[in-house]
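In the two complexes below, chain A is the common chain; its partner is chain B in one and chain C in the other.
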Partner chain A sequence: MTTSSAIEVQQLRRVYKLRGPKRKDAPRELVALESVDLEVKRGELFGLLGPNGAGKTTIIKILATLLLPTSGIARVEGLDVTQHVQAVRERISMVSGGETSGFGLLTIEENLWMFARFYGLDNATARQRIDALLKIVGIYERRTAKISDLSTGLRQKMNFIRGFISDPRVVFLDEPTLGLDVTAAREVRGFVKQWMSDHPERALLLTSHYMSEIDELCDRVAIVDTGKVLACDTPAALKKRLQREAVFQLKVSPIGPRPNREAMIEAVPGVRQVTVTEQDGYSELNLILEAEDALGGVLSHLNGRGSGLIALEKREPTLEDVFISIVGRRLDQDTTQREENGA
Partner chain B sequence: MMQLQPVERQTGWRLFWNTIWARAYPRLIGTFRERSWFFFEALLPVLSTVSYIYVYQAINAPEDYIGFVVIGGSMAAFWLNVLWSMGSQLYWDKDDGNLQLFVLSPAPLMAILLGMAIGGVIMTLSRALVIFVVCSLLFQVEYQTGSLWLLVIVFVVTMAALYGMGMMFSSVFLAAGREVWHFANLLQEPIYLVSGFMFPVKALGFWVASAASLIPLTLGLDAMRQLLFTSDPTIGFLPVGVEILILCVLAVFFIAGAAWMLAKLEEIGRRDGRLIERRR
Partner chain C sequence: MYQTMMNLPLVRRANWLRTFLNAAWLGWQIESNWADPFLFAVYSIARPIASVLILVVMYSVITNGATDQPIFAYIYLGNALYILVGQVVSGVSWTVISDREQYRTVRQLYTTPLDGYFYLMGRGVARLLVGIISLVITVGFGVLAFQLPISLQTVDWLLFTVTMVLGIISLAALGHVMGSITMMTARQIGSVGDAVAGALYLFSGAIFPLDLLPSVLRPIGLIFPATYWLELARRALLGPGYVGFETFAGFSNSHLLLILLVATLLLLVASIYTYRWAFNRARETGFFDMETNF
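So, the complex of A and B:
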């Protein structure tokens, strides 16, 4: 294939039929993807950012040939994932966060050997590659540990090796650092960066809840919500969109858990977006203002509600601010559980 | 970072063959790693086999009947393996997240199923041998070993047909989802009865025995008993040659059926998203 795209997605739509007993008026279908268009070029580390139920995992499962789209086109290395299933499978691999794959009574190296054989590696190559990857990821000394005895971090490192053992051309990483401690997550990110730099003709599609992870790793990011791509650009370009606006972080005495408090603050002239998080003894406000002079109105509003200013910081926009400005809520403020049934 | 070399990948029959042995490996290695099987899957079944032997001794049944029970008790290990391990394995694989990794690899799913089956046969052979040897020694059972090759052929085709059926169960059980336990429970005891594990199946009459012959163990057991015990030549349900032929047909039918069902199940699974849903 001569295409420069590693992944192409055009007008991709996926609707799930809902099963099980339900009320008469309850919906019978769930639209996981409305109409998604994406292109990931070779050599690109591309991020999908969105809350639970946004459709990220559905996109990956369709590209990984585990799920058929309801309509639209999805190609991996120019191959249609619905038509050239075997050829696509020879080119891809996938690692998901919190994976419990493998067989508990096998050791790390035996488990990896089994999967290497499923990908067509001969015995000698499989063993050579397993040893090399175990050393790279830093768990060579634990290679004879049984899977059932592994910690979450070790298990995820093993999953990572499994994902890269077959020398894939396109890798899907679905929340790969979910549940990992800070050190393990950093090591995993380091491995991903290095692999991309060593294989500039390959591509990697990453989904994550962690803004900083996406910001640190990805060449381009698509912000996905309710089955639609709302924005797609480099992290820097996305953040630049907010640079005309003023981003503030305020610590104020507790505002209290009143309903619609964000909406009330948003009603203050000049306020574009606001999120409020209750902390121990204070409320933290992240504000995106059309201009700095709108801040006075916000402080007056808070004062009127009996909330005094503790600290104020003007800061550069982050990817999280971009997400809030586009989606209208924080990433961790999920309202749906659309992915529960595999979506 | 250490530079990784690009790899050459095997495809076609080499991939198929290597997948079989890679998937069989966890089952084979389990025999050495989880030795509790010796007590739970070999010595405990000896007790139920022995209880039937005492019944036959108490009613002064012909000496060969003790041997019939020993053979039946040993072969029951394969039936339990097919039902509880082989049949439900894909369901558990889905629940553990293994199934989607199997599916998205280039390995043929049929090779993965065959690997499960071959691993299951070899693993269960150790259990069956323990039951066979312990009971044979305890009750000093005498076997006629004149047709050893024929006996091996009967055993091999019985295993092919039985595990072919197990491969078909895998797809059925995967589609059935949580009802898998009910299916397995439903099948376990009735098949103990109609397959003649503890008595010659001929005793059930022609029509019941014919219907029971759809379960490969029925004819396999009957043929083995005819080959190992010759004191009563009328004990067999059908001639051994005919039973081997039927077992061959059953093996082809079940394995082809398993391949068809697996392909169908993958298609439905991709359409409905059932390959990726997890219940936990």
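So, the complex of A and C:
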């Protein structure tokens, strides 16, 4: 690790102890992070990609000083997050998606002013930054609206301003476009790109389970699942891993929710990975094949099961394909947490 | 515009005073957020008077209306001053719950470099102000309606001021301890501040002298600064008209003031260490920002 790192994480582990319903029950352990190693360089927009329960938010909460790790090292701008809480907070900000929280009785302007003051900005600087950011984000006209009256999109834009008002060195964005409509999500992504472009020495850690968002924004991506980093590279390099393989999307007449259907298709020679999702009136198969000629075997297998081909498309690998090839399932399938009895 | 903004100087170090004032401002926005001024008046004026009247009626029934007895002034003032205990002790500890569960702003607030200890202290200021308004109204009502022997000329203002400052600091420190305990627990224990405030009502000599408590229970009252604060505040307000009771009969004002000072300082130090410990413990267990959604 070098001093150019904005974030350094080494062998980070976090275990929650959960009480049983009865007081005399022995506590159970829930391993949220196994042993995570990460490095985010200054100037980098780094993505954490993983399903719900993978450990993304836990990593961010530790880095943002809200949670202590069970073991391991986490540093922001070279500062140990467990030892230098105040100094770390002076350098960071955190915005979570889908936040319905807030002091609803305050106006947008009052809320931002209050947070600016907590960040230590003087009154004049705070006012100047608030006005400027309100205009950039396009909600200047709504600055006197009470937070309780805001839509999800407006509230998230306000939270975005809060996240950038202190001119932070490192920004944590946890599912920032969650719950936003397409237009608002695009505006948010646009703001993030512009901010990183204007601040090449800063760093931004983004978690999302929207593949396209990670693909569009991030310089590098770590694929996280079951509390472990399974792969870490640029989106292009990750996708390149699959370029020697053939990726197909098939639409076939409904297979139905049969047990082990994926395993049966994967048993066809040349099939590396498959996911099946039931759509309205058809089944959609995403196939990763060792070579194109394996496709014939798949189609024969499906025909044998009474499922006819509706459409077939060969496409370039996406991050989703990378995720499936590494993790073995789709991103929208939640992680099953690992629990161990007793301590 | 964007470029201009980004060229502004970097964030300056926040300090405890800025946190305190900012939190006090936020607290006042919350406490004074009454849609209807009539409701605000009911809350801050009629409610404390109504609660003290209940006690007055009970007292009158038992004593056949002997409101000129020293014990009446003792009870009335104790009850009036006790408004501050409820507001400050419960107010500070309730801030932890309301931020975590009601407003759900813990993550937003505690990723800023605010000083957590002074944030809680500041949030309690608004409730203290509401409490002081109620206290003044209640005491004024007592003077007018029940001829409490309080005269502006005979009040020992110096003693009263010092006593009130120390008393309020000690209540805020106690509220912090309760808030720190709340930080480490789920919402259902949110009433810990109320529970302690309720217990103090019994043990601090608020409504009856400690002499009336069984001797084994008296030490409970003697360890709380609030007990000495209430005694001194009564002495300061009633001046020469004050009639003491057995427990503190042998103690001069300066002696009691010294005890109050030492007890307040000890509680203040304890609250600082408790807060630090609870802050780390809550982050260790994961309870710090955990919304229990009860």
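Criterion: the second predicted complex is superposed on the first by the 324 of 343 C-alpha atoms of A that agree within 3 Å, B and C clash if a C-alpha of one lies under 4 Å from a C-alpha of the other, contacts with A are read in each partner's own complex, and residues count from 1 in each chain.
The rule we apply is simple: contacts are C-beta pairs under 8 Å (C-beta built on N, C-alpha and C of every residue); 3 or more make two chains touch, one makes a residue touch a chain.
Values in this document were obtained by computation on a predicted structure and should not be read as measured data.
Overlay on chain A: chain B and chain C clash in the combined arrangement.
Residue contacts after overlaying the shared chain place A:D293 against neither chain B nor chain C. In the superposed pair of complexes, A:I136 makes contact with chain B and with chain C alike.
Comparing which residues of chain A touch chain B with which touch chain C, the overlap comprises 16-17, 61, 64-68, 86, 89-90, 92-94, 96, 99-103, 105-106, 110, 114-115, 117-122, 125, 129, 132-133, 135-136, 162, 166-167, 194, 198. Here chain A touches chain B in the complex through residues 16-17, 61, 64-68, 86, 89-90, 92-94, 96, 99-103, 105-106, 110, 113-115, 117-122, 125, 129, 132-133, 135-136, 146, 162, 164, 166-167, 191, 194-195, 198, 341-343, going by the rule given at the top. Across the complex, chain A is touched by residues 1-6, 8-15, 18-19, 22, 25-26, 29-30, 33, 103-114, 280, 283-286, 288-289 of chain C. For chain B in complex with chain A, the touching residues are 1-4, 6-11, 14-15, 18-19, 21-23, 25-26, 29-30, 33-34, 96-98, 100-107, 112, 270-278.
Touching chain C in their complex are the following residues of chain A: 16-17, 61, 64-68, 86, 89-90, 92-94, 96, 99-106, 110, 114-115, 117-122, 125, 128-129, 132-133, 135-136, 159, 162, 166-167, 194, 198-199.
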